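One chain, subunit A, appears in both complexes that follow, with subunit B as partner in the first and subunit C in the second.
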Partner chain A sequence: METVLALQHLTVRFDTKDGSVAAVNDLSLSVGRGECIGIVGESGSGKSQTFLASMGLLAGNGKATGRALFRGHDLLKMNRDHLDKLRGNRVCMIFQDSGTSLTPHMRIGDQLMEILIAHKGHTPDVARKRVLEVMESMRIPDIEKRLTQYPHEFSGGMRQRVMIAMALLCEPDLLIADEPTTALDVTVQAQILNLFRALKAHTKSAIVLITHDLGVVAGLCDRVVVMYGGRMVEEGPVADIFATPKHPYTQGLLRCMPRLDQLLDADLDAIPGQPPNLENLPKGCAFAERCSQANERCTTERPVLRELSPTRRAACHLLEAA
Partner chain B sequence: MSTPVLKVENLKVHFPIKSGGFLNARTLPLKAVDGVSFNVDAGECLGVVGESGCGKSTLGRAVLQLIKPTAGKVVWMGENLCDLSHETMRQKRSDLQLVFQDPLSSLNPRLTVAEIIREPLYATDASMTREEADTRIAAIMTAVGLLPEMRNRYPHEFSGGQCQRIAIARAMVLRPKLIVCDEPVSALDVSIQAQIINLLRRLQKEYGLSLIFISHDLSVVRHLCHRVMVLYLGRMMEMADRDSLFAKPLHPYTQALISAVPIPDPAKERTKEAVILSGDLPSPMNPPSGCVFRTRCPKATPVCIKDAPAIETLDNGRQIACHHWRTL
Partner chain C sequence: MLTFALKRLAIAAPTLFFVVSLSFFLMHLAPGGPFDADANLEPQVIENLKAAYDLDKPLFQQYLIYLGKAAQGNFGPSIIYQDRTVSQLIATGLPVSLRIGLAAIFIAGLLGISMGIFSALRQNQRIDYVVMGVAMTGIAVPSFVLAPLMTLLFGVIFRLLPIATLEPSGGLARAVPALGPMVPYILPVIALAIPQIAIIARLTRGAMIEVLRQNYIRTARAKGMPEKRVVWRHAVQAGLLPVVSYLGPAIAGIVTGAVVVESIFQLPGMGRFFIQGAINRDYPLVLGIVIIFAAAVILMNLIVDLLYGVLDPKVKVDG
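Up next is the complex of A and B:
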C-alpha cells in the first residue's frame, strides 16, 4: 500500500508561562492510500494537535519537531506558498464545529466554487458544475437554492455536509476529520457516517478520523491508534483492538463504556483517577497511577512502543513479561 | 416503587417569539414542550431522551418551576407546584434539585467548594450553625468521592469530573427527594463519565432518590434508568420501562434513534441494519401538521399529515403516540 502520510518522531511543544509543555511526544505512524485510520483518545491526549501540527495549523506558541511526510515531502519544513497549494487541495481537514469553519458572510456556493477556482483554475461555470455534482452526492436536497444561502441558514448537519463536500471537491489524497460528528444528534450522525462509508468505498483517499467515540471507530476504521498523555499507547487493526485490546488503557476504555447492546446490572468498570497533567507528566508510564496492574517498574521507567506482531504495537511493561 | 411522588399532567411550555417586520409584527408561540404527562415514582430513575431541540431541558426546568409552565400541572407530593407563591416554592426546593451539563460554568468561580455547598444550606435554613453546616459539607463531600481537605479550593483547581462531583454534592446536601440531571455526563471524557454514572447510580440507591435523567446518550440511559420517555419536538413519542423499550421499540422514531447509536464492536456495527432518517429536525416555530415526526418518518401515510396521533396506553403501562404502531 502506498503511504500517503508518514509521521516520524513528531513532537509538539507549547510555550506557556509555566514553561514548555509537550502535547505530543515522539509519535510515529503512517496512513496508506484508501485506508481509514482512527485516532482515539481523551481530551488532552494530543490527538488533535498531532494533525493540526502536520497541517501547519498550530497556535502561535506551538512548535512541531520531527517529520510529517506527505507523499515524501516534509510538511513541517514546507514554506507557506507550497503548503497553501496542498491544503484544501491534496490535504483537507474537517473540523468538529462546522459553524465556525465556514465564512459567515459568503454564500455557500461561492465558498465552494472559490476552492476550485483557486486550486484548479476552473472557470466559474465549470466550478459550479462540479460543486453541484459533489453536493448531490452529499444528498443535500434543493441544491440550487441552497447554494445561494449563507451558513447561518443551514442546520448543523447540513453545514457538516457542506464541509465534507468542500473537502471532497478536489478529490484529496488525505482527508483528516477531527471529531466530525461529535456536535451532531445521533440520527444526523448516522447520516454523516453513512456518507463517510460511501466516501471510503468510492474514493482512494486516505482518511484520518480523530474521535473519542469507539462506536464510530468500530463502524468506519481499518486501523486504530490509541493515544494517552501525548503518546501512542497502542496500535492495531480495528477487529483485533476491539477483540483483544492489549494495553490496560485500551482495555479500560472498552470496559468502562455503557453499551446499548449489552445490559449490565452492576456498576460500570470505571478507570479511577484523572487523565494526566501534561505539564507534569510522571517519570514512568503516564497511565501507571490509574492502572490496576501497575508495578514498581511502571512508575520509574517509561515503557517504549514495541511490536507485538507485524500489525500490532503497544507500549506497556506488562506485555514484555508475558 | 409504587406511589408516584411526581405527577406531571399535560405540561406545556410555550415561549413567545416576535416575528414579522414593523407592519406585520406579531408574536408566535414556540411550543418547546407541548402537552407532556408522566409520573415519577419514589426511588425511580426516569430517562428523558431526544435530540437537541426536542424540549427535554425545558421540560426538566419547567418541572422545577425554573421556567413557568404555560399550562398543565406539576404535582409534587399532592401539591401543584405551579400554584405556589415564590416564597413557598423556595421552601420546596430543598426537595427538588438540579445538576447541569457544564460542571465548570454552573459553579461560582469566586466561591470555594465549601462555600458552594454551604449556600443551599443557609438559603433554606438560616439558623443553621457553622459547625453543623461544616459537618454536613464534609459528609456529603465524602459521599460523592471528594476529599474534605479540598474544601477551601476553588472550582478552577478541579478537573471536569471533580467539578461535576461538586455540583452533585451541592444538589445532594439538602437531602432532596428528586434530582433533575440535565446531561450530567455529556461534557466529560469517557473514562470520567463512567465514574460519575457509577456515583449517580450509587447515590440513587443509597438515598432512595428519584431522578429525572435527561440525556441524548441512549447507552447511558439504558444503563441507569428504570423507565424511558422519548421526546420529539416537544411531544412524547413513546414511554416504556427500560427493558421493553430497548428490546422492542414500537415507535418508528424510537427505532431510528436506537439503531443510530454506534456499537463499539466492529462485527456488530458493520452488519447491523440501521434505520437512517432523512433530513433534520423541523423548526419548532413551524412544526409539521398532524404527527410532528411525519416529515422524517419512513412509515408516514396521509393520515399522519391530517391527524396528530393520540397517546395510547397499553396494558403494561407503556405509552405510544403513533397511528401505525400495531402494523409496523
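Up next is the complex of A and C:
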C-alpha cells in the first residue's frame, strides 16, 4: 500500500507564559492510500494538534518538529506557496464546529468556488458546475439557491455538509476530518457518517478521522490510533482494538461506551480522574494516576511504544510483564 | 432599506428637539447676555434691542417662540453679526466646515485603517510597536496643542503653508500651483484628522487581530488560499465592523475638533461662528449651529447602520 502521509517523531510545542508545553510528543504513524484510520483520545490528547501541525495551521505560538511527509515531501519544511498548492487541493481538512468555520460574510457558493478557481484554474462557470455536482452528492436540497446564501442561513448539519463538500471538490489524496460529527445532533450525525461511508467506498483517498467517539471509529475505520497526553498509547486494526484492547486506557475507553445489551439502570463506567495537565506531565506513564493496574514502575519510568505483533503497538509496562 | 432610513429619520426629530431644548436652557442659564459688553448704550436702547430679539419676554415664552420658528426652518437673526440671519451665516460657514470635516474623516479612515491592518499583520513585531506608539501619541496630544505647533513649524519656520487665511500662499502653493485652493486647508485637516487616525488605527488593529484568530480564517488557510486573499477577502470585512460603528462618535469628535481648529486657523467655518456666538451670548447663532451639528451626528449614525447591513449579512436593514 502506497503511503500517503507519514508522521515521523512529530512533536508539537506551544510557548506559553508558563513556559513551553508539549501538546504532541514524538508521534510516528502513517496512513496509506484508500486507508481510513481513526485517531481517538480525550480533549487535550493532542489528536487535533497533530494534524493541524501537519497542515501548517498551528496557532502562532506553536512549533512543530520532526517530519510530516506527504508523498515523501515534508509538509513542515514547505514554504507557504508550496503549502498553498497542496492545502485544499491534495490535502484537505474538515473542521468541527461548522458554525464558526465558514466565513460569515461570504456567500457559500463563493467559499466553495474559490477553491477550484485557486487550485484548478477553473473559470467561475466551470467551478460552479463542479460545486453543484459535489453538493448534490452531499444531498443538499435546493442547491442553486443555497449557493447564494450565507453560512448563518444554513443549519448545523447543512453547514457540515458544505465543509465536507469543500474538502472533496479537488478529490484530495488525504482527507483529515477533525470531529466532523461532534457539534451535530444524533440523527444528523448518522447522516454525516453515512456520507463518510459512501465516500470511503468511492474514493482512493487516505482518510484520517479524529474523534473521541469510538462508535464512529468502529463503523468507518480500518485502523485505530489511541492517543493520551500527547503520545500514542496504542495502535492496531479496528477489530483487534475492540476485541482485545491492550492498553488500560483503551480498555477504559471501551468500558465507557454504552451498550445495547446492558441493563438500562446499569451504571455507565467512567475513567476516574482528569486528563493530564500538559504543562506538568508526570515523569512516568501519563495515564498512571488514573490507571487501576498501575504499579511503582509506572509512576517513575515512561513506557515506550512496543510492537506487540506486526500490526499492533502499545506503550504500557504491564504488557511487558505478561 | 428605504423604510428603515425613513423610520430612523422620524426618530431623529425627537432627538433634535431634546438637543435644542437642552441647549436653549443651558445657554440662558449661563450668566450674562448679548448686550452686556455695550455698557455705553442708553438703558432705553438696550431695552429696545432686547425687545427686538424677544429677550424681554419670559424665558419659557422665548423658548416656545424659538421652537415655533425653528420648526419652520427660521433660526432667526444673529445678534453679533448684524444684518445677517443665522441661516445666512450657516450657509457661509457650513461649506468650509464640511470641506475640512469630510476631508479629515476620509483621511482618518484611509490612514487609520491601513495602519491598523498593517500593524495587525505584524502583531508584536517591532514595527507594530512603532506604529501603535505613534498612534498613541496621536490620541494623547490634543488638537489645541497640535494645531499651534504645526502652525509654528510649517507656517512660521518653514513657510510652507499659509496661516489664518483661505488664500493659497506659502512655499507649497508656489512649488505646486496645481494644489491651488486646497493648500489653506491642509494644516486644519491634518490637525483634525490626527486624533481620529490614531483611534481608528488602534480599533482596526484590535479588530483584525481578533478576526485573524477566528476558525474561518483557519479554514481559508486550510483551503490553500494565499495570505493576501485570506486577509482581504476573508478577514477585512469583519475587521472593519468596529471601525464603522466608530464613525458615529468620530463625526462628533470631528465636530468638536473643528470648533477648536477653526478658531486656531481663523477659518470662517461653523466652529468659529460657534465660539463667537457662545462668547457673546448670541443665542440664535449657537442654537442654529447646535442643530446642524446634531443633525450631522444623527445622519452619520444612520449611515453607519446602513453600512452595517452591507458589511454583515446577519444584519437585516429593513422595516
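Just so we're on the same page, the second predicted complex is superposed on the first by the 314 of 322 C-alpha atoms of A that agree within 3 Å, B and C clash if a C-alpha of one lies under 4 Å from a C-alpha of the other, contacts with A are read in each partner's own complex, and residues count from 1 in each chain.
In this text, a residue touches a chain if its C-beta (ideal position, glycine included) is under 8 Å from a C-beta of that chain, and two chains touch if they have at least 3 such contacts.
Note that the structure is a prediction, hence the values are computed from the model and not measured.
Trainee: Between subunit B (first) and subunit C (second), which, if any, makes contact with A:V31: first, second, both or neither?
Mentor: Touch partners of A:V31: none, neither subunit B nor subunit C.
Trainee: Between subunit B (first) and subunit C (second), which does A:I115 come into contact with in this model arrangement: first, second, both, or neither?
Mentor: A:I115 contacts subunit C only, not subunit B.
Trainee: Between subunit B and subunit C, which one contacts more residues of subunit A in the superposed model?
Mentor: Of subunit B and subunit C, the partner in contact with more residues of subunit A is B.
Trainee: Where does A:M257 make contact in the superposed view: on subunit B (first), on subunit C (second), on both, or on neither?
Mentor: In the superposition, A:M257 touches subunit B alone.
Trainee: In the superposed arrangement, does A:V21 touch subunit B (first), subunit C (second), both or neither?
Mentor: neither
Trainee: Counting only touches as set out at the top, which of subunit B and subunit C does A:S101 meet: first, second, both, neither?
Mentor: second
Trainee: State whether A:L175 touches subunit B only (first), subunit C only (second), both chains, or neither.
Mentor: So A:L175 meets neither subunit B nor subunit C here.
Trainee: Per the contact definition in the header, classify A:D84: touching subunit B only (first), subunit C only (second), both, or neither.
Mentor: Only subunit C is touched by A:D84; subunit B is not.
Trainee: Between subunit B and subunit C, whom does A:M55 touch in the aligned arrangement: first, second, both, or neither?
Mentor: Touch status of A:M55: second partner only.
Trainee: Share the list of subunit A residues that count as touching for subunit B in one structure and for subunit C in the other.
Mentor: none
Trainee: Touching residues of subunit A toward subunit B in the complex: what are they?
Mentor: Within the complex, subunit A contacts subunit B at residues 42-43, 139, 141, 155, 157-158, 185-191, 193-194, 212-219, 238-239, 242, 252-254, 256-261, 263-264, 267-272, 274-275, 290.
Trainee: What residues on subunit B touch subunit A, complex-wise?
Mentor: Touching subunit A: residues 51-52, 159, 161-162, 189-195, 197-198, 201-202, 216, 218-220, 222-224, 243, 246, 256-270, 274, 276-281, 296 of subunit B.
Trainee: Which part of subunit A faces subunit C closely enough to touch in the complex?
Mentor: By the definition above, subunit A touches subunit C via 55-57, 60, 80-81, 83-89, 92-93, 95, 97, 100-106, 114-115, 118-119, 150, 152, 163, 166.
Trainee: In their shared complex, at which residues does subunit C touch subunit A?
Mentor: The contact residues of subunit C facing subunit A are 123, 214-216, 218-227, 229, 233-234, 237-238, 311-314.
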